[in-house]
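We just call them A, B and C in the order they show up, numbering each chain from 1.
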């Protein structure tokens, strides 16, 4: 299975590297070795590429070129100024407004440069060395790099850097002055916990990386950058711990990311679809989270995080099915309640998956299994309902889905109204009008509430989708159909792999050690090992430690 | 993917083409709660079905036109066999009869006297009927009347009877639950015969079958009445009262009961409440006529004491114990004698003999068990223990007597 | 296509599920009356001996499946002929089990549904799973195993708490002497289900190389576990239903569970059991199905096994219906004809023949048997 999957990827990967090699001839150099070189989708740019790559020493020529390349945008600021070295030197600072921190520009670039004067120099600086000189002496800024081509220059501008050009130099400097307004770190909205860190990722990849860095002070943490999107040039970072993660896994992830060729990448969900193993499935093959602690917990287990600029949702791969029922809080609370909650969440998943099907199967095929008194109740309710149970169930479920979708899309104030109309008016009225039986409403209600109790939205969606085929089959074959359909689902799940790692592990294939942290969570002092398959190199996680034993030893001494 | 594509139309077809095989909407079913079987003069079976009207039974349902209809209806058909009768019922009902929840199977005394084998076979063969369905015989009445009787508490007669059986077995011990499976097994047991509960209607029989039965304070009721002893599938006679309780003593099924024990000339001086009991059976198979020993170990409390005795004295308690032993022994002996008179081994002695000595059973006893059984010698030992006497010590009668001479 | 690798615990699980699959459903060794459980234990013991035989053959050819080493043992043509016979045997077994389950469903739940539909649905499921690969089946088996164990425990607790068992029904032990037990035990119980382990001659080569040494002990242990489970189940059936009823219903376990009634709420669990059994049946048919596919592949030299799955599935559906006119015939065949004329030759006679031939031709065959153990010799 795995081999079959991998082969085409490698093949295309080769093509890709060839392509890259070709490109490099044109580009002369690239800023970062592991960056996919930028594809130029703008036609003008291609033309210029053919004619000139290097920067002209004449300032206004370059500025004009940049202006034409970018289409003379309103937010491009061209700040010309002069400073003194041996004699007056003209320089230009180019940047896109609002993508740069103007305070930094003013304080650390313009003001030191403009206050340069020739008398400070110990020896005269020739014009063509001016750039080098100011880089060394005048710019009080951390990130200053050379720019040698027009492409690079434009790219730097678009990335939110500012570019300093000096008359008579064939190079420029790009300055890390990017800033501007981004959303601050807030509490997570989709994964709320009671106990645990309250910060969450933001749209800015830098902030996100810093959130991770701050928590893991290990020299082994690796953050590798990619750019995806021929138009958007979205930054994508792969984060892992080198001493733990499996190098093969990292290689595979990198290869797949490098292969993504698309115009734009706006959210991690898109990348997920590009690089997942199996397309024909309703189950998520990546974990996504907006909580830094979740990412780090997974890094420690040998998984890899993929951060995408522009979205607070970080992908984690490979994902196992069982992870979708775990919450970071499980590790912060006591193990007994965590185990209970995990079991509860899993049962909730099962309920939301099959509750309507069971109702249908019971009432249309296996009436014998319903306790007699309950049967009277259900039969009495069904009396006078004009539809067969399956139609009733489908109508109710679809109504519920409509309500839910409406509730999400509506502005918050209207949303409340929608749910009132839905719950009270529709539910109550439908029962009173004799269109549906109250038991059915209860079943749909349970299903709905259950699907909200699943911590992962992604996996709740799969239950939502699968519910309908299951309802259909159990209306035709009762529990027999349902059983077989569930077997098919289990088989499908066990055929899935996330980056080659079995989706259903540690259950199938069975990994006894890993069972300790699956549906159950053993006391943390018992979780010695990282997942077996994920971290082949460095398995030990915790040293066996027991306060009790220690105390006993002390007393015996 | 290909598979998915090819399966989709197929499954859609399945959805629409198969709707009618075994699927039954609840509103297409008539839930049968009781089945009655009688036989007419020509030898045809008269089968009665008690069908629930769920809207009337279900709690809290104020369905369309609630409160006006009867709780159940009864269909009655005749046929040469059960199946025929069952299917004929469709001439009367708009719905399919659904047997899975049937709780009671009533035989008329008439059919019980002829043979119950045929009916038992059909019922046990049908996958729909539960094996936990209780079997009873309508005594001095017909199944048809019994199933038409309106009962007050559990509104469906069959439900009421099944519940009465359960409660009565636990608290009084003159009847025991006998479901179809147990009846069948007792027929098959080595030398065994079935014993089936009797049930009758008390009070105004005419009133019983009208809904007015609900409205009077003293309605006609259904009541358990003894246990019918069978031989070769035919009803031989009835064990009533203490004789019936003897069966439970012997089978070790007695859970709780009350027994009157004489005291100082008062026949009902004590009322002893049995709280649990254990029975051990053993057999001596050396002779041609085997001897069976029954050891019964009841535990009891004193529930009433209507004579002046000092219950604080251990010797007094011992006295009561020995009296109790005697009473129970008599009861059991009576039961044994009765069943020996019927020559029907409803007590499972044959099975006991087989267990104790399989080869002798097969070679010697089995062939002429009909002759041996009436001659079986049974030793009954009762060793009762009185544990408590309620929350009082001695009865006030005793205190009175103590103080009187002073 | 030797990429499939089965781990040792997976191997254990396959054996147990395979053995229990349909055997737990039909009353096993019921001819022995209340001593059926002894008959099963006897059958289990002799089944273990058979397995040792199969293991011996496997050890000589650790890399080849039965149909492959037959061709080495007898040469291409005779070997293929024998292989073909085994293929037929596997298919027949699969069809039989399929029929068993179809009948179970029909008599218990789907009275009016045509058996072909019920069987076709089962095969469709299996075809889907097998198309995903044998490894997926094995992993599905692991999950199923958890479920079955869980349900088994729940049922056991329910049965115990419902206080249904009357241990008297099990007495006297060996009441009719040892002979009826022996008669019931041989040859039916060793051949079904324990002798069906012959199927594993096709699967043993997939065992992970590092775990091969454990194949025998784990195999025997698995047989023992399933034998004991079967024996306990049958004893439970008898203790609940009584010797007579237990031996005279087609599906004793079903009848036994149907008696559970806890507080008028937990009742009529037989339908639930039916579906637990379906899971077992699904697994057994799948294994037989896959083995048939493998055998066909070896004999006819088909490269892609996935292409065979669909056609063989259709053959199975049809043959499951054709093999017997009604359930009585099916069961009679199963109890009287199949054990003697089909199981015995394929499970005992032919494998012994193979061992004998191997021993005779041992020296000539050595270069073919490319096992690490033989090469080091």
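Here, a contact is a pair of C-beta atoms (placed from the backbone, for glycine too) under 8 Å apart; a residue touches a chain by one contact, two chains touch by 3 or more.
Keep in mind the model is a prediction, meaning the values are calculated, not measured.
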Of all the other chains, whose mean CA position lies farthest from chain B? A
Whose Cα centre is nearest the centre of all Cα atoms in view? C
Where chain B and chain C are represented by their mean Cα positions, the distance between them in whole Å: 43
Would you mind pulling out the distance in Å between where the CA atoms of chain A average out and where those of chain B do? 68
Averaged over CA atoms, how far is the centre of chain A from the centre of chain C? Could you give it in whole Å? 47
For chain B, write out the residues touching at least two other chains, lowest number first. 14, 18, 22, 100, 130
Which residue numbers or ranges of chain A touch two or more of the other chains? 365, 368, 372, 477-478
Spell out, as numbers or ranges, the residues of chain C touching 2 or more other chains. 109-110, 128, 267-268
So in the complex, the part of chain A that touches chain C is made up of which residues? 1, 3, 365-366, 368-369, 371-373, 477-484, 487-488, 490-492, 494-495, 502, 504, 507-510
What residues of chain C sit close enough to touch chain A in their complex? 3, 7, 9-10, 105, 109-110, 118, 121-122, 125, 128-129, 132-133, 135-144, 146, 264-265, 267-269, 271-272, 274-275, 278-279, 282
Could you list, by residue number, the parts of chain C that touch chain B in their complex? 107-114, 117, 124, 127-128, 131, 168, 171-172, 175-177, 241-242, 244-245, 255, 258-259, 261, 267-268
Interface residues, chain A side, partner chain B - complex: 280, 363-365, 367-368, 372, 375-385, 388-389, 434, 472-473, 475-478
So, in the complex, the side of chain B touching chain A is made of residues 1, 4, 11, 14-15, 18-19, 22-27, 29, 31, 52, 54-55, 57-59, 61, 63-64, 98, 100-101, 103, 128, 130, 159
